[in-house]
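Think of it as A, B and C in the order they're written, each chain with its own count starting at 1.
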Amino acid sequence: MPGAQGLLSIDWMVLVIAAWLAIGIGAIFAPRNFPYISRVLYPAGALVGLLLAVAAFAALNQTPETMVLPLGLPDLPFHLRLDSLSALFLMLLGACTAGISIFAAGYLRKAEGTAPGVQCLQYHVFLASMALVLLADDAYAFMVAWESMALSSFFLVTSDHRIPEIRRAGYLYLLIAHVGAISLLLCFGVLQGNGDAGVAGYTFANMRGIDHNAFWSSAAFGLALFGFGAKAGLLPLHVWLPEAHPAAPSPVSAMMSGVMLKTAIYGVLRVGFDLLHHPLWWWGVAVLTLGLVTALFGVIFAAVQSDMKRLLAYSSIENIGLLFVGIGLTLTFQSFGMRALAALALTSVLYHCLNHAAFKSLLFLVTGSVLHATQTRNLGKLGGLIHYMPWVAWLGLLGVLSSAGLPPFNGFVSEWLLLQAFLFTPGLPHGYINMMIPVAAAAVALTAALAGYVMVKFFAVIFLGQPREAKLNQAHDAGRLERSGLVWLAALCVALGLFPVFVIEKLDSVTRLLLGTGIYQAAGEAARAHGWMYLAPISPDRASYAPVVFLLSILVIVAAAYLIVRRFWHIRVRITGAWDCGFPMQTARMQDTAEGFGQPLRQVFEPFYRMTRELPSSFDKAPVYRVVVEDHLWYWLYLPVAKVTEFGARMVAFLQQGRISIYLLYSFVTLVVLLFLIHG
Amino acid sequence: MSTGLHLDLPFYAQVINLLAAMLLLLSFAMLAQRRILSLINLFMAQGVVLFASTAVVAAATNQHHLYWSALITLVLKVFLLPWILHRLIRRLNVKWDIETLINIPTTMMIGLVLVIFSFNLALPISALAGTITRSTLGIAMAAVMLAFLMMITRSKAVPQVIGFLAMENGLFFAATSATYGMPMVVELGIALDVLVGMVILGVFFFQIREQFDSLDIRHMEKLKDD
Amino acid sequence: MNTAFSVILQFLELVTALLAAPLLTGWVNQCRAWLGNRTAPPLFQFYRQLAKLFEKEVVLAANASSLFRAAPYFIFACMALASMIVPTLSTEPPFGPAADAIALVGIFALARVFSALAGMDIGTSFGTLGARREMLIGFLAEPALLMVFFTASLISQSTSLSTIVQALGQREFAIYPSLAFAGVAFTMVSLAENARIPVDNPTTHLELTMIHEAMILEYSGRHLALIEWAATLKLYAYSCLGLALFFPWGIPEGTGFANLLVALPALVFKLAVGGFLLALIETVSAKLRIFRAPEFLGTAFMLAVLAMLVHLLLETAK
C-alpha cells in the first residue's frame, strides 16, 4: 500500500528521521528559548512519533522495501530496509515517543544542567538514531546509528553533569555500551564471511546469503548476544542500568528503558533468526538460562531497592530476562523444527516488547512527576501521594497492575502466552532439556509472582499510607501536558491488555518473516473460532482467555454489589482516625518503609545479596539503622577486571617516557619491523 | 486425545508407579523435615511403601520369593527398625529440631537438580530393561541420591543413620522394580547387615555422646588435630 | 448446547457459590470446634455475621483514599468470578473460555494485590505488616498453585479448566502418580492462601501472629462484610478446585436438570468431607513462625515442580 502522494512506506520512515533531526537542529538556534522548545518542538516531535507509529503500523503486513541513501563514505552508502520486524519496532518507537515527548514538553525545566535547546537536540538525535538502527540494512549504517544512539543517550543521561555520581553513572554506561559495540563489530565481521564480496559484504543482504558452518555461526551468535546483551542489561552486563536510570531525566529513562532496550532485542532477533538461519539447540538453552538468571536476579534486587528509579531499573532487568527466556525458547523450538511452538514463543516475546515499552515508560514518567512534585527519589521520604496527585497515582496504578502481570492488563497477556509456550512443549528430543522446561516454567512463574511483590511495594510506598515527610502535602499533580503523556501510555497498556487478538494477528507477519509460520497460520481457523474476544492461540479446547469478558464481569459484579448494598442496606460512613488495633500513638514513621517492605525477601534470598548492616547497640541514644545491599557481581567480576585493566595500563605506561626522541624511536622501530615482516 | 495419557499400562504397573512416586515424595519430605521424631515416622512410611510395592510386584509376576522379601521388609523396616530408633532417641533424649547445614529450601533445590539428574541417568537404562516397572528405576536412583543428600546436610548422628537406612530403601526399591528382586540369600544377608549395622550404630551413638557430650558430629572435626 | 440454559446454569453456579461459601466456612468452624472439644457455633452463624456487618455503618479512617473504599468490591468481584470459573456443577460453564487455569491464578493474584494495597492505604503499622506478610505468602503460593495446574494441564494437554476436569473425570481409571505430588502441594498452598493454621490463624486477633486479619484491620461495616464474604468464597473456590482436580467424579459433562440433580448432592457431600479434613488438619497442626512459612511454601513449590518431572518420567508414552 503506497502512502499518500505515491510515497513508499520506507520514504515515510526516512522523512520521520529527517523531521526529528530537523526539530533537533531547530532547537540549536534558540537554545535558551524555553517556551519555543517545550511548547513547539517537543510536541512536534511527539506528533512525528505518532505519524511514525501509524506509518509503521500500515507497513506491518507489507513486503520488505529497500532503499539506498546517498550518505556515508564513497562506495559505502547506507542501505535501508523496512520489513515487518523493523516496522513492529518502529511502531513501538513511534507510539512511545508520542507519549514520552508530550510528557517531556511539560516536564523539562529550565535549570537542569544542559541547556534545553542542546538537550532537545540530543533527545531528537537519540530518536532518529534509534529509528535508523531499526531500518539499517548494512553493518556500516547499523554501527553508525548504534553508536550515535549510545552517544546521544550518554549525553542525555549526563544532563545534570555537575553532579559527580551522574558523571560516574554516565561513564559506566558509555563503557559498557562500547564494550558491547566492539563485540557487535566483531559479530558483523564474522557474519560477512570470507570477504569475497568486498565492500558489499557488509550489507545484510549478503550476510543472509551466506551459510555459515556451526562454529562460525555460533561465534557470530555469541558475539551478538554479548553485544546486544550489554545494551539490554543481560547478566552480567546489567550494572549500568541501575546507575544510569536514576541519573537520567525521567523522560530519558522512560525512552531508554521502554524503547532503547528493545533495540537490543530487535538486534538479537535480527541476527539470530534473519541473518543466521539454523539456530543450534544449545544457543536456545544458553539464552534461556541466561534469561532466567537475569529475570530472577532483576526481580530479587528490585524488591530491596529504596530509590524508585533504581527499583524500576531492576524491574527492567527482570523484564529483559523474561524476553530472553522467550527468545531462548523460540531458538530451542526452531532448532528442533517445532515451528508452531516457536511461533508461539516468539509472539510472546514480541508482545512483551510492546507491553514493557508501554508500562515501563509509563512508570518512569510517573516517577518523573513524583520527583518534580516532591524533589526526592527516595521511597523512604514519600507516601500518601494519592491524595495530592490523584491523576498520577491512578494512571500509575494501571502501569503497576500491568507490570505485575495481572489480568486483564497487558503484562498478563504476554506472561500467559509465554507460559502456554512452556506448557505445550511436547517431548523435546533431549532428556535434560525436556526436564529443564518445567523447572524453567516454574522460575518464570516465580519471577512473575515476585514482580507483583515489587510493584505493590513501588505503588504502596509512594502513593498510599501517610506522607512520611511533612512537606509532601505541598505536592502538586502533574500538569496538562504531562498528564496527557501519561494518559496515552496508560491507554496503550489497557488496549494491549484488552484486545490482544488484534495485535497478535498483526504479529503474525513478523513471526512469518522470522520463522516461516505464525500462530494464526499454524492454528488455522480454530484459533479464530471465538472471534476477537477470545485469545486462543492453539485451539479453544486447549487454552483460551477473554480479557474483555473478564473485565466486564468484574465490573458488573462490582456494580451489582454496590447497588445491592445500597438498595438493601445503606452506604453511611463515619470518618474518624485510624484504629490500628487500638494503638493510640500512630505516626507516619510507624508504617513500613521501603526497606521494611522488602525485608522478608531480603531474608529469604539472603545469599543473593551482599549486605552490610549497621545495627545500633541497645544503649544507643540516637540509634541509626543502615543497610546497604549490593551486587555480588561487582566484587566477583567487575573489580577484578578493573584491577587487571589497571595493572595492564600501568605496564604500558612504562613506554611513556616523555621525550620526543624516544617516541620517534618507537615509530622508527615499528616501521623497520613492519618492513622486515613484509619482506619476510 | 493426547500423548500424555498412558492408559495402556496394566493396572499393577500403575500402582507401582504410584508407589514409586510416594517413595520419592517421602524422600523429599525427609529432606524437608527438621524433627527426628517425624523423620522416623517418614522412614516407617517408606517401609510401608516398600512393602506394598514388593507385594504388588510379587503378585503381578507371581514370584513367591518376593512375598518373603515383602514380609522381611514389613517386619524389619516398619516395625523393628523404627522401634529401635524410637527407643534410641528416647534413651538419648534427642527429640529436638535438627539444625541443617544448608537451609531447607536450598537443600530441596539441590534435591530437585538431583532428581532431574537421576531421571536422565535412568532413561537409557530403563529403555533397555524389559520389566513392567522400568520407569521407576529413575525414582529409585533419585531416592538413593536424596538420602545421600540428607546425610550430607544433617549435622546430627541420628538423622544421618536414618539417611543411611533410607538410602538402603532406595536400593532395595531399585532391586525389586528393575530386576524383580535379588536372590533370597542376598536379601536375607542385606537385611541382617542393616540390622547389625543399626545395632552397632546405636552403640556408637552412646559412645559419641559420652565422648563429646553431644550427638553433633561436627565435634568429630576435632579428632583431626590429634 | 442450549445457550439460555447454560447462562441460567452459570447464574445458578454463582448463586450456589455465594450461598454455599459462608456455609462451608461455618461447617469448617463447626468441625474445628467439635475436634477441639468445644461447643460449636450454629452452622448459619456466618450469615448472621454478614447480616450484622452489612447493617452496621462504616467507620473509615480520615486519610483513607478511594482505593481503600473500592477495594472490597473488587476483591469480592474477583472471588465471585473465580468461583464462577471453577467447574462445580457442570464441566462446561459458559464462562469457561473467558479464563483458563493461568487466568484463575491471575484473579487470585489480582485480589491479593488489591487487598495488600488497601492494607497499606491507611498507613498504620499493622496494616502494612499484614500487607507485607500477605505478599510474602503470595509470592510463593502463586507459582506453586500455577505449577499444580501445569501438572494437570500436562496430563490433559490443556489449561482450560473444563477440559482438565473432563479429561481427569471422564477418563478410564488410571493412576497419575504426579497428581499425588500435585495434591500435596495444592493442599499446602490452599492452607496458606486461605489463611489457615500452619501459616495463619483465621480466628486470631493476637497482633503479632496476624497476617490476613492484620491487613483488613481498618475495615468495618459493609466493607468488612464483603471482604469476609470474599474470603469464604475463596475457600469455596479453592475447595471446589481441589475436588475438581483430584476427585473429579460426579461433575456431569453435559448440562441438564437431571445432571444437576446428580451434581448438587455430589458437590455437597464432597465439600462436607473436604471441610472436615481441613478442620482436622488445622486441629492437629501448630502454627508456624512467620519465617517458616516461606519454607513451607517453598516445599509446596518444589513438590509441584516435582509433580511435573514425575509426570514426564512416569506418564509420558515413549
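Heads up, the rule we're going with is that contacts are C-beta pairs under 8 Å (C-beta built on N, C-alpha and C of every residue); 3 or more make two chains touch, one makes a residue touch a chain.
What you see is a predicted model, and the numbers here were worked out from it, not measured in a lab.
Novice: Report which interface contains more C-beta contacts, comparing B-C against A-C.
Specialist: Contact tally favours A-C.
Novice: Centre of all protein Cα atoms: which chain's centre is nearest to it?
Specialist: Central chain is A.
Novice: Relative to chain B, which chain has the most distant C-alpha mean position?
Specialist: Between chain B and the rest, the longest centre separation is with A.
Novice: Measuring from the mean C-alpha position of chain A to the mean C-alpha position of chain B, what distance in angstrom results?
Specialist: Centre-to-centre distance between chain A and chain B: 49 Å.
Novice: Compute the distance, rounded to whole Å, between the mean C-alpha positions of chain A and chain C.
Specialist: 36
Novice: Find every residue in chain B that makes contact with two or more other chains and list them.
Specialist: 3, 105, 112, 116, 119
Novice: Note the residues in chain C that touch 2 or more other chains, in rising order.
Specialist: Residues 154, 157, 294, 305, 309, 312, 316, 318 of chain C touch two or more partner chains.
Novice: Where does chain A touch two or more other chains at once, residue-wise?
Specialist: Chain A, residues with two or more chain partners: 427, 435, 439, 604.
Novice: Chain B touches which residues of chain C in the complex?
Specialist: For this pair, the touching residues of chain C are 154-157, 167, 171-172, 174-175, 177-178, 180-181, 184, 294-295, 298-299, 302-303, 305-306, 309-318.
Novice: Quick one: in the complex, what on chain B touches chain A?
Specialist: Result: residues 3, 105-106, 112, 116, 119-120, 123 of chain B touch chain A.
Novice: Note which residues of chain A are touching chain C in the complex, please.
Specialist: Residues 383-384, 386-387, 397, 401, 404-407, 412, 415-416, 419-420, 423-424, 427, 434-435, 438-439, 441-442, 445-446, 448-450, 452-453, 455-457, 459-461, 464-466, 530, 534, 536, 540-546, 549-550, 553-555, 557-558, 561-562, 565, 568-581, 583, 586, 588, 590-592, 596-597, 599-601, 603-604 of chain A touch chain C in their complex.
Novice: So in the complex, the part of chain C that touches chain A is made up of which residues?
Specialist: Listed in rising order, the residues are 54-55, 57-63, 65, 67, 70, 73-74, 76-78, 80-81, 84, 95, 97-100, 102-103, 106-107, 109-110, 112-113, 116-117, 120-129, 131-133, 135-136, 138-140, 142-143, 146-147, 150, 153-154, 157-160, 163, 205, 207, 217-218, 222, 226, 291, 294, 301, 304-305, 308-309, 312, 316, 318.
Novice: Could you pull out which chain B residues touch chain C in their complex?
Specialist: Per the touch definition, chain B meets chain C at residues 1-9, 14-15, 17-18, 20-22, 24-25, 28, 32, 103-105, 108-109, 111-112, 115-116, 119, 127, 135-136, 138-139.
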